[in-house]
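Below is one structure, written out as structure tokens; comments come after it.
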Amino acid sequence: MNEFLEFAAVVMGIFISFCMYTTLYGKPNPLRSWAEFSYLGAGTGVSVVIGLTYIWNTAILGMQAGDWILIFSILFGLMMLFRVHPTYGYISRLPLAFTVGTGLALSLRTQIFTAFIRQINATIVKLWTNVPLEFVYRVTIAVSVITILTFFLYTMELSGPLFWTSRVGEYLMYIGFGAIFAQTFMGRLGLFVGYMESLTTPTWKTPYTLASALICLIAAILFDRTGLGEKLSAG
Amino acid sequence: MADEGGIYKRMATYDKRWVYVALFIVVLGPLINPIGMPIGISAQTRHYKAELDTLQEGDIVFSTWNMEFSGYMELKPGVLATHKMFIEKGVKLCIAFGHFEGVALPPEIFKQLKKWTDDYDYTEGEDYIIIGYVFPNEAAVAALAGDFHANVRVDWRGESIEGTFLDEIQNGGDFAMISDYTTGLATTNIIRHIVLEYDTPMVVNSIGVSVPGHLANLDAGLITALLASTRGGAELEFLIGSPGPGLKSMDAFTFGHYSLIIFIIIGNIGHYGWTRRSGARDRTGIR
Amino acid sequence: MGKPVVCSYGCGGFDYWTVAGLSILGYVAKICAETDTRLIVPTGGSSDSYIVREAAVDLVRNAYTAAGRPEAFNEDDMPFLSGEQYAYTPGYVGILVRERPGTMVMTGSHWSEAMNLAEMANAVDSITITAGCYTSNMAALACASDYIMLGEEQPAAGAYLSRDPAQMASIRVQDIYKFIAIGTILLGLIAVNLGSDIINRLIST
Amino acid sequence: MSSFFKSRSAQITVLIVSFLLVFIPYFIPWGPLDWLSGKLMTIAAVTNAFTIVIAVYSQFRRSGRFINERRKGWVYHIYLLALMAIMTLSGFIFGQHAGAYEWLLLAVVTPLSSVIYGILAFYMSSAGARAFRARSPHAALLLLAGFVVLMYQAPLTGAFFPGIEGAAVYLTDTFGMSVSRMFSISVSIGAIVLGVRMLTGKEVAFLGFGEGDE
């Protein structure tokens, strides 16, 4: 891509970004609708190109290399498309049953180990070690996992010991939620800071960034105050 | 009566768009005029670097980019710092994408690594091969893990991978390490169908939202090291002595956190000063 | 209040959360049909979601038919918002901003877009009822929503509302397995702290 | 032939057979079965990739209705379909590293994807500012834990107050990790139970069967 086209793409990218940021203003406006439909059109186009390229590289090249069994992937794929046909929709049931069957096998054959057995095994540890802090960690984890599990029992009355463990579990869960909320915020902030960093590096981008921010803020307010925002935005 | 509660009511019920304006200012400000405040280095990042230091020249690492372009914005410091270490060590890379937007990443990433690839004569085809978008779903991960060459015949430009260093790879167990950069996507499937099957060591640079989940995997021994979000990447930049986008963003990171803390304090003052007495209800799902 | 209801069942394929989301959608559709309230069901969000969309359309159509108002069912109010998560999100937000629904019910498997949707629903003064399907989502949605179903409260609610014997039995089986997990952990802790890792070895063979 | 597709028991048989052909080789390695299982996984992966065509069809159908009926905002839908066509044709004709495809990827797709994902920081800020209020024991615990971890995550705090790392890491690596571990255990049970429901034909909505269908 030549230099001018790349420059134009970067500046367009900056401006369309702040058009989408007008979502934060909370009222409909045409800038936001333009950004939304731009992404819907271009994004779907990219997934079509990548999806069909994957089919070509895997199935077609595979058959050319002698893997003739892969002809079934093309056959099943075409049958899957009947899913939206008003009369012959039932044709898609065969490939659906096949893909859901293999999908179930793939997830169930390993999920029992990674998400169930390994997690239980990792909780069953010697509590006392010669490091006091490690003892505190291990007791906290063991008590938290057990009590929070009792909080999510539905088909039995939580009375007696179960009542107290589920109450303790609920409080410990909210401590966990507080820590997790903060970690999640760090991640989201990292996304925003990372993107703003790319809009101010190299520094020639900074004036375009500040100008786009100002233009879009003013436009959002004007579209709202004049009532044009509702009229000119998408249905 | 109308304005009873005055300042406290305003602190409890202000227009939340002021939070948005404040966040824009405290983030863009230090990015345009960096201050360069100090940062602490976590034990988690030191362990991540130690794990990478075990690699030898010629080792083949499976570098799995399980991130959209947007996820790369958060993981950029960790991606660049880790790949600088790979290039300096002479590790060979097999790069795969877990999202269709991955096709936009190599030009962006290798433009930032140009100084390293030139200095160490690190070239595509010889030292790294991009096999492209090969993880559209779990079945594709499992198939590739079991029989690599039956499922990957060409690289992302459509050129054959025969006769390259990837000839040594028959299945997921032949990689010296998996280096994953993830917003979620195929990471769980890689753990299930490669790590669990072949015990291949796996280090993960994860976005903040997935850190709690990966802490459970780290504790269960499913992954060997974890680098958390932008901040982990900035710490790694510091440890390898190569400042980049991570360290540059740390001021904005600090102010972004402090701005939320200030708004929380304001909200609590308003809550005790007005909400409790007025009987109004805070709109939140916490009991 | 005369305002529409927006109810979504998630962006995933036929997984654990989507089945619960569809059961809750069925119940909401029944109430909307009986009370002549407009129901908007955003669909799409991932390539896996195409398969689920057809089942959701049948579900809502059947709910209107069962309520004796088949003519009130409008497939246009079940818009397909692309098979891509980040094209689905602004489309869904656009519906919230334009329609300003009285209530938003967001269940099934939603990912990072859940926060966009919950905060926008709060901004347009909708009653926000959500369900998180992974840890970080639950912590954030607990703050952003008016009412939240934590973890398996969602499938339990789906089973309760649908009265489907198979779903009700599943919740019972899951409780039994949780008891097994609790018992195994307790037994294991006692054994390993008395010097025997028999439980660890037993469950990891 | 159509009766085979319409037969519920036939489709459940296909479901069970494809399940077993991929499930069993994981536990009983045997050459030919391993080969077949690998091929079935590749076939399933490619079959799933075809569903992108349904997406484009559904999008054309919805936009077509907006345009034909001149509904509010129909111009946006013309623009959407045009952009989708340009992107798809350019990607196949000029390839993914040139032409309008590369330009639109750089100018539209990657910036907007970054915005939509990054905008969550704003929503979390306003939700946190609203919810982190000590008005009940639960909310107070959430506030306390969140406050300590937020302070720790601000890089400057660690430089002046190193002690905060111990408290914050304790909260994330025990309570936070335990919540994740608990949901991992309970969700895996739920997924397995759903799998059993599907295999026993108790959950067939995804195949398009109604309640009474046989």
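A, B, C and D label the chains in the order they appear, each numbered from 1.
Here, a contact is a pair of C-beta atoms (placed from the backbone, for glycine too) under 8 Å apart; a residue touches a chain by one contact, two chains touch by 3 or more.
None of the values given here were measured: they were computed from a predicted structure.
S.K.: Trace the shortest chain of touching neighbours from subunit A to subunit B and give its length in steps.
M.R.: Minimum number of steps from subunit A to subunit B: 1.
S.K.: Please identify the chain lying most centrally, where each chain is represented by the average of its Cα atoms.
M.R.: Looking at where each chain's C-alpha mean falls, the closest to the middle is A.
S.K.: Counting only C-beta pairs in contact, which pair of chains has the most of them?
M.R.: Pair with the most C-beta pairs in contact: A-D.
S.K.: When the centre of a chain is set as the mean of its C-alpha atoms, what distance in Å lies between subunit B and subunit C?
M.R.: 28
S.K.: Taking each chain's centre as its mean C-alpha position, how far apart are subunit B and subunit D in Å?
M.R.: 18
S.K.: Go ahead and note the Å separation of the Cα centroids belonging to subunit A and subunit D.
M.R.: Each chain's C-alpha centroid was found; their separation is 6 Å.
S.K.: Got the subunit B residues that touch at least 2 other chains?
M.R.: Residues 16, 20, 23, 68, 70-71, 73, 101, 103, 136-137, 139-140, 142, 150-151, 209-213, 216, 219, 231, 253, 256-257, 260, 283-286 of subunit B each touch two or more of the other chains.
S.K.: Any chance you could list the residues of subunit A touching two or more other chains?
M.R.: 20, 23-24, 26, 33, 35, 39-40, 43-44, 46-47, 50-51, 53-54, 58, 62, 67, 83-84, 89, 96, 99-100, 102-103, 106-107, 110-111, 116, 118-123, 145, 149, 152, 173-174, 176-181, 183-189, 191-192, 194-195, 198, 233-235
S.K.: Among all residues of subunit D, which ones touch two or more of the remaining chains?
M.R.: Where subunit D meets two or more other chains at a single residue, that happens at 41-42, 44-45, 48-49, 51-52, 54-55, 58-59, 96, 105-106, 109-110, 112-122, 124-128, 130-132, 138-139, 142-143, 146-147, 150, 153, 172-173, 176-177, 179-181, 184-187, 189, 191, 198, 206, 208.
S.K.: If every chain is a node and every touching pair an edge, decide which shape results: line, ring, star, complete or other.
M.R.: Shape = complete; every chain linked to every other.
S.K.: Along subunit B, where are the residues that touch subunit A in the complex?
M.R.: 17, 20, 23-24, 27-28, 31-32, 70-77, 100-101, 103, 132-134, 136-140, 142, 150-151, 153-154, 158, 188, 191-193, 196, 207-212, 216-217, 219-222, 228-231, 245, 248-249, 252-253, 256-257, 260, 286
S.K.: Would you mind writing out the residues of subunit C in touch with subunit D in their complex?
M.R.: Where subunit C meets subunit D, its residues are 14-16, 19, 22, 44, 47-48, 50-55, 58-59, 62, 76, 79-80, 82-83, 86, 89-90, 112-113, 115-116, 118-120, 122, 133-135, 138, 140, 142-144, 151-152, 155, 166, 170, 173-174, 177-178, 181.
S.K.: Can you list the subunit D residues touching subunit C in their complex?
M.R.: Residue positions touching the partner: 48-49, 51-52, 54-55, 58-59, 61-62, 65, 112-113, 116-117, 119-120, 123-124, 126-128, 130-132, 142, 176, 179-180, 183, 185-187, 189-191, 193-194, 197-198, 202-203, 205-206, 208, 210.
S.K.: For subunit C, which residues count as touching subunit B in their complex?
M.R.: It is residues 47-48, 86, 111-112, 122-123, 128, 130, 134-136, 141-148 of subunit C that touch subunit B.
S.K.: Report the residues of subunit D in contact with subunit B in the complex, numbered from low to high.
M.R.: So the residues of subunit D in touch with subunit B come to 34, 37-38, 41-42, 44-45, 48-49, 96-97, 105-106, 109-110, 113-118, 121-122, 124-136, 138-139, 142-143, 146-147, 150-151, 153-159, 162, 165, 169, 172-173, 176-177, 179-181, 184.
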